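So, here's a batch of structures to check.
The following pair of complexes shares a single chain, chain A, combined with chain B in the former and chain C in the latter.
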Partner chain A sequence: MPYVEMPKLSDTMTEGTVVKWRKAVGEPVGIGDVIAEIETDKAVMELEAFDDGTLKEIYVSEGSKARIGEKLALLLAAGESVPRNDGEAVKSGKAGLAAASSSQPTSPPVKVGKASAPISSNRVKASPLAKKIAGAKGVDLGLIRGSGPGGRIVARDVESTAAIPASRPITAIPIIPAGPGDRRILLGGVRKIIAERLLASKTQIPHFYLNIEVDAGELVRLRSQLNEHLEKSGQGKLTFNDFILKAAVAAATKIPRVNASFAGDAVIEYGNIHLSVAVAIEDGLVTPVIRQAQKKSLREISEAVKDLATRARTKKLKPEEYQGGTITVSNLGSYGIDSFSAVINPPQAVILSVGAILKKPVLNAQDQIVPGHRLAIGLSADHRVVDGAIGAQYLAELRTLLENPAALLL
Partner chain B sequence: MPVINYRKALNDALAEELARDENVFIIGEEVAQYNGAYKVTEGLWQRFGDKRVLDTPITEAAFVGLSVGASMLGLRPVVELMFWSFAYVAYDQIVNNAGCIRYMSGGQINLPLVIRGPANGGTNVGATHSHTPESILANNPGVKVVCPATAYDAKGLMKTAIRDNDPVFVMENTLLYGETWEVPEEEYLIPLGVADVKREGADISLIAHGRAVLTSLKAAEILAHDHNIRAEVVDLRSIRPLDEETLLRSVRKTHRAVLVDENKPFCAVSAQIAATIQEKAFDDLDAPVVRVCALDAPAIYSPPLEKIQLPTPERVVGKVLSIA
Partner chain C sequence: MNYDLIVIGGGPAGYVSAIRAAQLGKRVACVEKERAGGTCLNWGCIPTKSLLRNAELFHLMKHREGEFGFGFDNLRYDWSKIIKRSRDVADKNAAGIEHLFKKNKVDYVRGEASLVGPGVVAVKGADGKTQKLEATKILIATGVVSRPLPGLPFNGKAVIGSREAMILEKQPKDIIIIGAGAIGVEFAYFFNAFGTKVTLVEMLPNILPLEDTEVSQTLEKAFVKQGINVLAGTKVVKAEASAQSVRVSVEGKKSETLEAEVCLVAIGVQPLLPAGLSLQLTPRNFIQTTDRYQTSVPEVFAAGDIIGPPLLAHVASYEAIQAVEGMFTNHVPKRINIFPSCTYCQPQVASVGLSERAAKVQGLKYRVGKFPFTASGKARAAGEVDGFVKLLFGERYGELLGAHIIGAEATEMIAELGLALTLEATHEEIEATIHAHPTLSEAVHEATGQAFGAAIHL
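Up next, the complex of A and B:
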């Protein structure tokens, strides 16, 4: 097929933006060459060629959007010619492009997306065999990323996906339809995936919840002392969250059971702690992952989370940067939340819910009421993996570390 | 087991059938006194004489027509075409008469006729001598078409063709005449319409006929060695009747098919195979069915260009990798 089409690059993508063309019209292209950078709802990804040939025409200019399946460029193999009687979608665009390029051969091609016929954005490209296996296993093809040519879902993609047991509510909850004055906001990619994954989490994972309140006095003191020093030497400051992340990881190395997943007939305790950090973005949240966080210092964690959060907000994360986490920390302290209980990020076993550090009257060792800094931390755990006692041990480790935070600097 | 070449295997098949059945005779240009343009009939005139091995003028329409008539009366002619490309001057005899008479006579008249000869490109004899008409002829109900790839298959299929009561067209290949294979001494027959898995594999099916089978086997070797892909090679052997069961079984096992075909791509044998697979094994496919055919041009005379016109193992490997 001589056309390069907008591929489905993420589970939830419906359209993509051509950020950059890496190949110019007239350049030879080999299988596997990166020809363009495409921004999806989640990240900017590289588009590779699946055929050898020469890039003959570009239909979607840099910065323009195209829906999945829409033609982006014409890539002709040696001796191949443009198919005649081709679909409406390209015809209108090609005429415009030819006119533009004949007068100004070096100017970027005109945008063609607008006039073209809409292509069904929900079309999932899957091989017949992949569809058959998915049907038999009860796997939703819409949730799988295809590894075949053009992003096609092939058998191996479905075979490596766990079946989702039929857990949809039998009776749908009736909806009050949108009327005059109401807004009906169609689910974007991120919203849709949050809806699906967290519904699955809440309906399939038996959650239980533990809560502690930590004396954060020493943490407040140490952080301001460190930041004073860092500020003077012109370095970036440390946030409370940096300490909490480091403590969450350090505690998990002591209690490895929390860094785990339920796997049907087994529990998998992971050797590495890949720490997912919940980051709020414009239309939802993502959980970028700090890989092998157990090997990282407080400073390294601080820098990693700053970088990931910045890129998450600008949707520059690659899929591998938000996949494969083994434990999650969600912190709503900066939003003024005292305490909460987060929903587990499946297939992980636990999530920490971190509230704000509050100044409040506390009893000291002499039973006197004194001003103190308190931090509420919640643990939501999968009871199939973690029992109350294990969860309590983990929180106790966490408390010890946060109340003696100097250890986190080692 | 003796190792003989493809030409000798055909010669043995003809000699055995001439000896076995006195109704069998050979007819064609230079087949008798000159021993055949490609020496396939070598020694047969000497051994069986004027009544069994007959030279003709350069008159394909006449001697094919004569043979159609002779077969209607119960003889079993084996007609040699110096090239299958020359069948076109006898097309009316081959398709209208040989192909239709049994049907139009309500089954009263059989035509036990064999037409044989080389049907291949790649020998620098120009476009008019390089046709591969198996796709054109197999399009006609009432005829049978076989394309042996090895000496073993050539002998077994030729003997069966001669004993068959319908017109059977045997497409040979001049590039294979000198190639050698093991062929048993004892008599054997290969039924028409039975494909042969020439190499077992689990990852992809290469489906071919004639010399393209050998191209596929070489490609399978490269795929195994360089890419860790286990290709299965299915040799159709018969184009019509077609052994759909064997090729579909292979595709259902590997879930991917690359069709290798020395026909030109348009309306090629492989186009028929592709239609069959998508219709009957759709749910088993994990990738589109793709083809490696001759480049879509009259046979190229320029030797360097001619080399790339027919499928090569490298082109097959490239196509496999594009869907693997």
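Up next, the complex of A and C:
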């Protein structure tokens, strides 16, 4: 296949940005050579050549976007010439890239319907009732995608379409247009995904919030003791977050209901705990996943999170490394935040919001005011999956573990 | 031997799912402890329709000979042949299912199945030997059995369920039928047609309590005219049985003690759960399933009566196909939404969609169209003027909401209205459809017109 097309590099990807061309026009290319770097909605990934040949033309310049399946470049094998008929050339393409680009670009459903059922012709497939409701509510049937057999528009399609404008916050919130002196920053892939997913989370998931403050005195003592030892033996230090992640996982094994998802007609409690860890990156936030975290020791979790965070910041994560998490921990302690309530990372059921360990006066068992270390932890939970009592049990487990952190070393 | 699917139960859910899965190229076994076809074909829908056909013919000849100009000097019937015809019909149908199994290469395993674990089914054969079958997926379609009245256990002779009622060796002189759902009502018509003295007891205010109230009341009047003692709104307070007779004390409009040779208990059914793995159940002990017909155990599915009401053969088969296509194709299974209900006494009762009661409860604005068969030429010609067609339409858009028919051939007429509901038809499409003359179905057209002030023959 002479053309290099924009492949689909993640589930949610609809378009990609060519960050950098690694090969220049006229350069020879071998199978597997990296020819470009593509930024998807999630990460920057390398685009490899599927054929030997010479890069003849580049259609998409660095920094520009292309939809999935769009031609990026012309790669001709020795003796091959530019095909006369583009359509045929694409059809006879090799499986590799053809498969990767098979997905249609997605657009809002109303527009897809428009394309397949033109308004001008009177042949919109719709039930008699759907037609009547559309007439009464002034809904254009040509703009609706039918959910009935063969795309037939049925009553509920019209009713749900008619209901949209009233409940759509996008149209409800007026925008102050950018004027002189303002900056208009177009959304990058990561930003766009954050906007979509967190809007969906906050509007579709019934959140509730629980908060506790944990005595972190023992945790502070244990960590400094361990780190002193680790430093002497030349090993990497453990962070407070490592302990918190380990405790979050250990507590979830005791209360499996928090490691779950709402699935429409069921709740799925996952057998493995795939721990998502929120990591701030340059223009947003990613949540790489520590797989089967319940099988990992404190040290293994510490190493995994270090590696994932480093690669997240340089956008070197593979899609499978930030997908499929079942529970999330977000820690803003190092940013000086005392406590907060995070938005659930859908489709998960809970997220932990971890604040800074603060030195403050506390009452000891003898009711004396003494200096202490306190750690605020918040739990945001999907009420369809987790009730208050379950959330409380989970936080109680977490408290026990963090106040007796030696257990986390086992 | 590793199957893609083992189906437990060979009734309208079980055999249909087995055949559908086989058609999709899957290796399938269907385990049945009695005979393929299940309750429907062996002990329900089909054999009772045979009995009711006999009853209709005899009733016509016995009670309407003058009207039709017949004359019989010695009109007789042979009870054992009536029963045998019914059994022959069931036998032929069951053999048909076994043939379909062979044709579709479904392994038909006779025996009682239990769920040993996910993917493993143990089958105990008639010889007492147990074999283990393994499959990727299992579908439970074990159905239901008659539920006894508390304090009046079945004894096979005087206290019986529907299964025994259809093979009584001797016609009973009198019978008390407790429960006036479809089963109770059909047997009441059957026994009464042959001259058994029938008392039909129903706790709720109307017989066929799930049907539209007006339909129930019309049926009650017809039954009383036929000579059935109908005691609706009547509760059984005490019952005792011997092998020869049953005494039942009831409280209703009046309190009395009934006595009869036989008591048919048709108050409902109970699920027939397979032994082994325990599954999450509904509050009424049916198997809890998701929209994809999955049970609480992974890769174990259930369909048909065992997952709860509506307990109808055509619903079970629909669920079975949905479940299987959900398992093996990209199809997103649907749950039952619009389904017809039919009762085959005379006059027949059939309905689909909302009853007027339900429309009121839902607070819908609706209008009613009604057409009595007395105004239908075809009904007059056939001598079947009992009953009516009653249709409910939405007030605002005129869409069909529900249809209720009582009368001869009601069960055959309801299909048109099921299609109308599925297609979301409004009164305009029904009115625009030319209904052949003369037919009973013209009443559908007329009832539609009546709702919107356009009936001609009223």
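Convention: the second predicted complex is superposed on the first by the 249 of 410 C-alpha atoms of A that agree within 3 Å, B and C clash if a C-alpha of one lies under 4 Å from a C-alpha of the other, contacts with A are read in each partner's own complex, and residues count from 1 in each chain.
To be clear about the criterion, contacts are C-beta pairs under 8 Å (C-beta built on N, C-alpha and C of every residue); 3 or more make two chains touch, one makes a residue touch a chain.
Predicted model, so just to flag it, every value in this text is computed and none were measured.
Participant: What is the contact status of A:51 with respect to chain B (first) and chain C (second): first, second, both, or neither?
Facilitator: A:51 sits against chain B, while chain C stays out of touch.
Participant: For A:136, decide between first (touching chain B), second (touching chain C), both and neither.
Facilitator: second
Participant: With both complexes superposed on chain A, which partner does A:73 reach: first (chain B), second (chain C), both or neither?
Facilitator: So A:73 meets neither chain B nor chain C here.
Participant: Scan A:25 for contacts with chain B and chain C and give back first, second, both or neither.
Facilitator: neither
Participant: Just chain B (first), just chain C (second), both, or neither: which does A:309 touch?
Facilitator: Neither chain B nor chain C is touched by A:309.
Participant: Looking at A:329 after the superposition, I want to know if it touches chain B, chain C, both of them or none. Which is it: first, second, both, neither?
Facilitator: In the superposition, A:329 contacts neither chain B nor chain C.
Participant: A:266 contacts which: chain B (first), chain C (second), both, neither?
Facilitator: second
Participant: Would you mind checking which one, chain B or chain C, touches more residues on chain A?
Facilitator: When the residues of chain A touched by each partner are counted, B comes out ahead.
Participant: Residue by residue on chain A, keep only those touching chain B in one complex and chain C in the other, then list them.
Facilitator: In chain A, positions 127-130, 132, 154-155 sit in both the chain B and chain C interfaces.
Participant: Once bound in the complex, which stretches of chain B touch chain A?
Facilitator: 255, 282-287, 295, 318, 321-323
Participant: Would you tell me which residues of chain A are touching chain C in their complex?
Facilitator: 127-130, 132-133, 136, 154-155, 264-266
Participant: Over in the complex, which chain A residues touch chain B? Could you list them?
Facilitator: 31, 50-52, 79, 127-132, 148-149, 152, 154-155
Participant: What residues of chain C sit close enough to touch chain A in their complex?
Facilitator: 290-292, 294, 396-399, 423-426, 428-429
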